Amino acid sequence: MSALLTLDGVSRSFGGLRAVDNVSLEIAPGEIVGLIGPNGAGKSTLINVVSGVHPATAGRVVFDGRDITRAKPHAIARGGVARTFQVVQPFPNMTVRENIAAGGAFAGRIASLKQAMQEAGELAAGVGLGDLVDQPANTLTLARRKRLELAKSLAMKPKLLFLDEVNAGLNPAEIDDALALIRRIAEQGVTIVLVEHLMKVVVGISERIVVLQNGALIADDTPEAVLNNQKVIEAYLGKKYAAALSAEGGGP
Amino acid sequence: MTIQKVILAALGAAALSFATMGSAAAADGVIKVGAPLPLTGPLSPEGLKQKQGYDIWAETVNAKGGIKAGGDTYKVEIVYVDYASNTPKAVQSADRLISQDKVNFLFSPFGSGAAKAAGGVSEKYGIPTIAATASSEAVYNQGYKYLFGTFTPNRTLTEPLADIVLGKKPGLKRVAILSRNDLFPTALAKEMAKSAEKRGLDIVMSEKYAIGTMDHSSTVTQLKASNPEWVFATGYINDLILIRKQMKDLGVGAEVVTMIAGPAYQEFIDASGPLAENITSSAWWHPAVRYKGDDVFGTTENFNKLFEAKYGAAADYVQASAAAAGVILQLAIEAAGTVEPAKVRDAIAALDTTTFYGPIKFGDTGQITSLEPPTFQIQGSKPMVVYPDGIKQADINFGVK
Amino acid sequence: MRDWLILGVGTLLFGLLALSGDTYLLRLGTMLAMYAVLAMSWNFIGGMTGYPSFATAAFFGLGAYTSAILQAAQMPMAVGWAAAGLVAGGFALLIGLPILRLKGHYFAIASLSIGEILREVVNTSEEITGGGMGMNLPLLRLPPEVQAQAFYLCMLGLAVLTTAVAILVHHGRLGFAFRCIEQNEDAATVLGVDTRTFKTAAFGLSAVFSGVAGAIYGNWVHYIEPLDVFDIMHSVKPLVMVLLGGLGTLFGPIFGAIVFLALEEAVWRNFLGVHAAVLGVLIVAMVLFLPRGLATSFEQIARRFRGKAA
Amino acid sequence: MIYLQILANGLALGGLYACIAVGFSLVWGVLNVINLLHGSMIVLGSYIALFAYTTFGIHPFLTVPIAGGIVFALTYALQRGIINRVIAAPVLMTLTLTFGLDLIFNNAMLTAFKADYRKLILENPLGSWSFSGVTLPVDRIAAMALAMLLTLMLFRLLKDSRIGRAIVAVRMDRDAAALMGVDVMKINAITFGIGGFMAGAAGCLLSIIFPISPLNSTVYLGKSFVVCVLGGLGSVPGAIVGGLALGIIESFGAFFLGPEHAVTLAFSLLIVFLIVRPTGLLGKKGYE
């Protein structure tokens, strides 16, 4: 089975800084992949590279058999790559319904605006915002905004969905709800890349975990293998502490 | 919220007051003359001058009891509208003055362009209109019957200049022409080029500068390189003050430096100080001319005296021409014995008289033909007439450093 | 549906005004229609899409000159008007591609400069445009009242057309995209909105009708000159009208145009020499106290009253 | 030789342009407000210099702190009283507001001073310097030198003083500056005032060079725009580089293309720079 997304030696520099450094990676259809790494490891930049916001300065990105390295963000979105933002970005003065409908009307290729609005209502109900469809987005709480963000992405009918820290700022109960929602989405056949800096959240749900540090890929394995990977532990805890930990023979 | 209410109320009141305004009927015994003028915006200095001319005429007439037509006597009222130096607004103002304020006659807006544009309106309504500041022949050759102008064509400025300069310096050959890229200045520059070519002069440089030019140093540097004997520069007063200063700064001189239209104004002399010395210019009128007229002012001296008493400065050609426009209207109304527009129009066309401004007679197109514009030179910080010989105050000097 | 009804009734009411033979009233009506066209046009890019454009004067002047040049070459008036819209629209698409990459003040200045450049180009292309001498348009050999009625109806027709297009856009995909861009352009992009194309479309829409308005205006006043048709006030006034009426609303611009014209006329008549300052005071007051426009403020006040009554 | 003269003309002109634009650039860069009043403030400075010279015989160069101070007070008050109320509003609002204020202000000057062009004529003209065929007017050189001195002082003020550091902090990150205890509203007003001071000072220096009239304000404003974009926003050295560049370009442009194209050239350059190099010649990152 061929990969849905292939990154081949992808780099992205800002001035002298290499935010993403020679990353090669394949994601198969239907997978749930966790993308983790400490703050500033280049996770969000990698998403920006794939979604075309900051195109790669070197390497190749192939999605669904097409080279999208230089494609425009909106074209990539219409091709089936959706993403949520780490800092949620709703259209503040538009209603929940309109926010979601935008994803359907433009990337989801729904020809009729009416149809898009209707489907938006269903999606809103699906993420638990059914009562709030006619509220302006800027009146929602953070947790609800995150769900709105999710619903917007779903309206795009994506093949591949990047979820950038959808759980940040949520309390444990809200996180559990969110994870359940993500599972349901995955069951519908959407490939998911879950970006987190908290390892705990991704371990339970991911089939595979990819670890970035300083822009470079340092691990790509099953959750268990990654948890025991010395380099990963070092990346998270610092060399000294990691060495002490492994001397005690314990694991995180 | 209360502030919002207050503002809304104010806006509403303003809109209402607007709706109920206008339609003031012409009172008996008053002749209303509409005068759209550029009282704000780039042309406002000219507009304000024109207003002074109209005002002094109206005041003088009213002080003497008004205009007599047939058995009736009329006071004069001038209805001003500021069109903010915006030509279409001038056209609209003219329309409004005629159709809404019911003026009996109209004075054209400033300059050839606006006078031409507004000419269509007065023609439409058949309202006699006098243009005090439009010289371009294109204004008058449109077949309009109701438009009359007090300026002779532009070539009547350049021709006498060329005559007197070459009369005194037959060997002079090299002319440089510099003009502001604007209606009157470019038209005048073209006439100058014609006058020069006709006399076999070499035009060693001919450049236009953009409206709003802040610096002429490149042009003046080129001017220096072309080594002219006669520099002919047109523009508005600010351009000419700056050009003159930069010529001095960069050490450019010539036998003759002519500037139009700045030097006719006292502001040019004040603002240029010693640099104004020996600058030559032409204008349609000059306070040094001496005419004995049949009008309300009588003589040129009397007009000058009244003007100085009222405004504390000598009149220039714009102010005089504006006052002359009033005088012409008055003479025509008195000759026609009525304020009926068509009859007054015929009376204007038939005028053949002399006023403080000079002899008045209009050609077939409505443009005045009887004036002989004087040429003058700034000498000892004063404009001195050097041509024509009849009113000459001084001989032309050569050499501007 | 409601919007079409409003347009229909409005058209009928304003159409009746044409029966009046009062040339002054018709002149005001023509100005009003022209202001409405310019304000509606600006609303496409400035209100709906949120790009502070100062290019209205550029499109207006370009339209006026396109039409005047064609008519000077003996083309019929209608051809001149149609060409004006096409040229202005095409020019906007062309220039929009590069400058719509800019945002905020940068875009504002770039759009402003276009008018300045066009004015100077027209000023220096003397052979074609007459330069600073301006251009005369053919006079119609019709009685003044009939002319006034004809130009009023033409300008009103253009205003109705502009409004109809605005209604379609407002309720359609295009307007939806404009609003997404106005709200958050980056977010819109990753939702699949082709922002460049839509922005350019908004800019083009704002140009087409402004261009035709310039062309009709030229014939109406039968004399145009660069200083006038490229006057920066043609860029600023529509913006003030839209702000007055409510940014991004559908009928706000028309409402704003009516109020603005009434104020302008009242101020202009009653404050000789200081009308610019009075207009300035109004603008300042509006920005400080009515930032969301009259229509929105009326609504708010009405809601308050209803709230109190209940 | 003529090229050397054109270059000298351009440099002298460019110095004046820098002097016109530096205050405007500061306000734009720090407050993110395009101050459309700037041109009128320069004109006000010129009138103050004119009256100081004709009434009291004070040399325009000595009037610089007086005119600067008066315009500082005025602009400080305007910012405190009016502009601060909408400082966080969208670009359109602040632009429209300063446009309205300028209509009021310019009309007031027109009423008070009339539109007539006046000129400050020094009793002892400064004359020109001439060496190896190149002539330079001394008044321009002196004005330019004074302008550079003022600009340098502004530069030091921003770098070394407490207020200067607060201004720079606000420019970098308004919210962070507020969290650090900077009174942002006050700094806004002071910045606006400093912009006004520079405008008033520029007006003084220009009074001996250009005719004076309220109608000049739009020309000064237009030049400020171009200089800012050329040099890069909010950067003091940027205004100098942008000013000199514009002066030289206009000078040679007028020579090669003809003076009627000088204005077109400046604005075309502005658009090209906005699109191709929005950070200006110096490449400093602007503040949107």
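Here the chain labels run A, B, C and D in written order, and each chain numbers its own residues starting at 1.
The rule is simple: a residue touches a chain if its C-beta (ideal position, glycine included) is under 8 Å from a C-beta of that chain, and two chains touch if they have at least 3 such contacts.
Remember, predicted model here, so these are calculated numbers, not experimental data.
S.K.: Between subunit A and subunit B, which partner chains are common?
M.R.: A chain counts here if it touches both subunit A and subunit B, which gives C.
S.K.: How big is the gap, in whole Å, between where the Cα atoms of subunit B centre and where those of subunit C centre?
M.R.: 35
S.K.: So how far apart, in whole Å, are subunit C and subunit D when each is placed at the average of its C-alpha atoms?
M.R.: So the centre of subunit C lies 32 Å away from the centre of subunit D.
S.K.: I'd like the Å distance between the centres of subunit A and subunit D, where a centre is the mean of that chain's Cα atoms.
M.R.: Chain centres of subunit A and subunit D, defined by C-alpha means, are spaced 48 Å apart.
S.K.: Could you grab the centroid distance between subunit A and subunit C? Build each centroid from C-alpha atoms only and quote it in angstrom.
M.R.: Taking the mean C-alpha position of each chain, the two centres sit 44 Å apart.
S.K.: Going through subunit B residue by residue, note those that touch at least 2 other chains and give them in order.
M.R.: 40, 181, 208, 210-211
S.K.: What residues in subunit C touch two or more of the other chains?
M.R.: Subunit C, residues with two or more chain partners: 120, 123-124, 273, 276, 286.
S.K.: So which stretches of subunit D touch two or more other chains?
M.R.: Where subunit D meets two or more other chains at a single residue, that happens at 107, 110, 222, 260-261, 263-264.
S.K.: Chain touch graph shape: choose line, ring, star, complete or other and state it.
M.R.: Looks like something else, not a line, ring, star or complete graph.
S.K.: Give every touching pair of chains, nothing left out.
M.R.: A-C, B-C, B-D, C-D
S.K.: Of all residues in subunit C, which touch subunit B in the complex?
M.R.: 22-24, 27, 31, 120, 123-124, 126, 131-134, 136, 139, 144, 147, 217, 221-223, 225, 227-228, 231, 233, 259, 262-263, 265-270, 272-273, 275-276, 285-286, 289-290, 294, 297-298, 300-301, 304
S.K.: What does subunit B use to touch subunit D in their complex?
M.R.: Contacts found on subunit B: 40-42, 44-45, 48, 181, 207-219, 221-222, 225, 237-238, 241-242, 245-246, 248-251, 267, 270-273.
S.K.: Taking the complex as given, what residues does subunit D use to touch subunit B?
M.R.: 2, 5-6, 9, 12-13, 107, 110, 114-119, 121, 128, 130, 135, 137, 139-140, 209-211, 213, 215-216, 218-219, 222-223, 250-255, 258-264
S.K.: Sort out for me which residues of subunit B touch subunit C in the complex.
M.R.: Residues in contact with subunit C: 1, 3-5, 7-8, 11, 14-15, 17-19, 21-22, 39-40, 80-82, 84, 86-88, 91-92, 95-96, 99-100, 113, 116-117, 120, 124-125, 138, 181-183, 185-187, 208, 210-211.
S.K.: Under the stated contact criterion, what part of subunit C meets subunit A in this complex?
M.R.: That would be residues 171-173, 176-177, 179-180, 183-184, 186-196 of subunit C.
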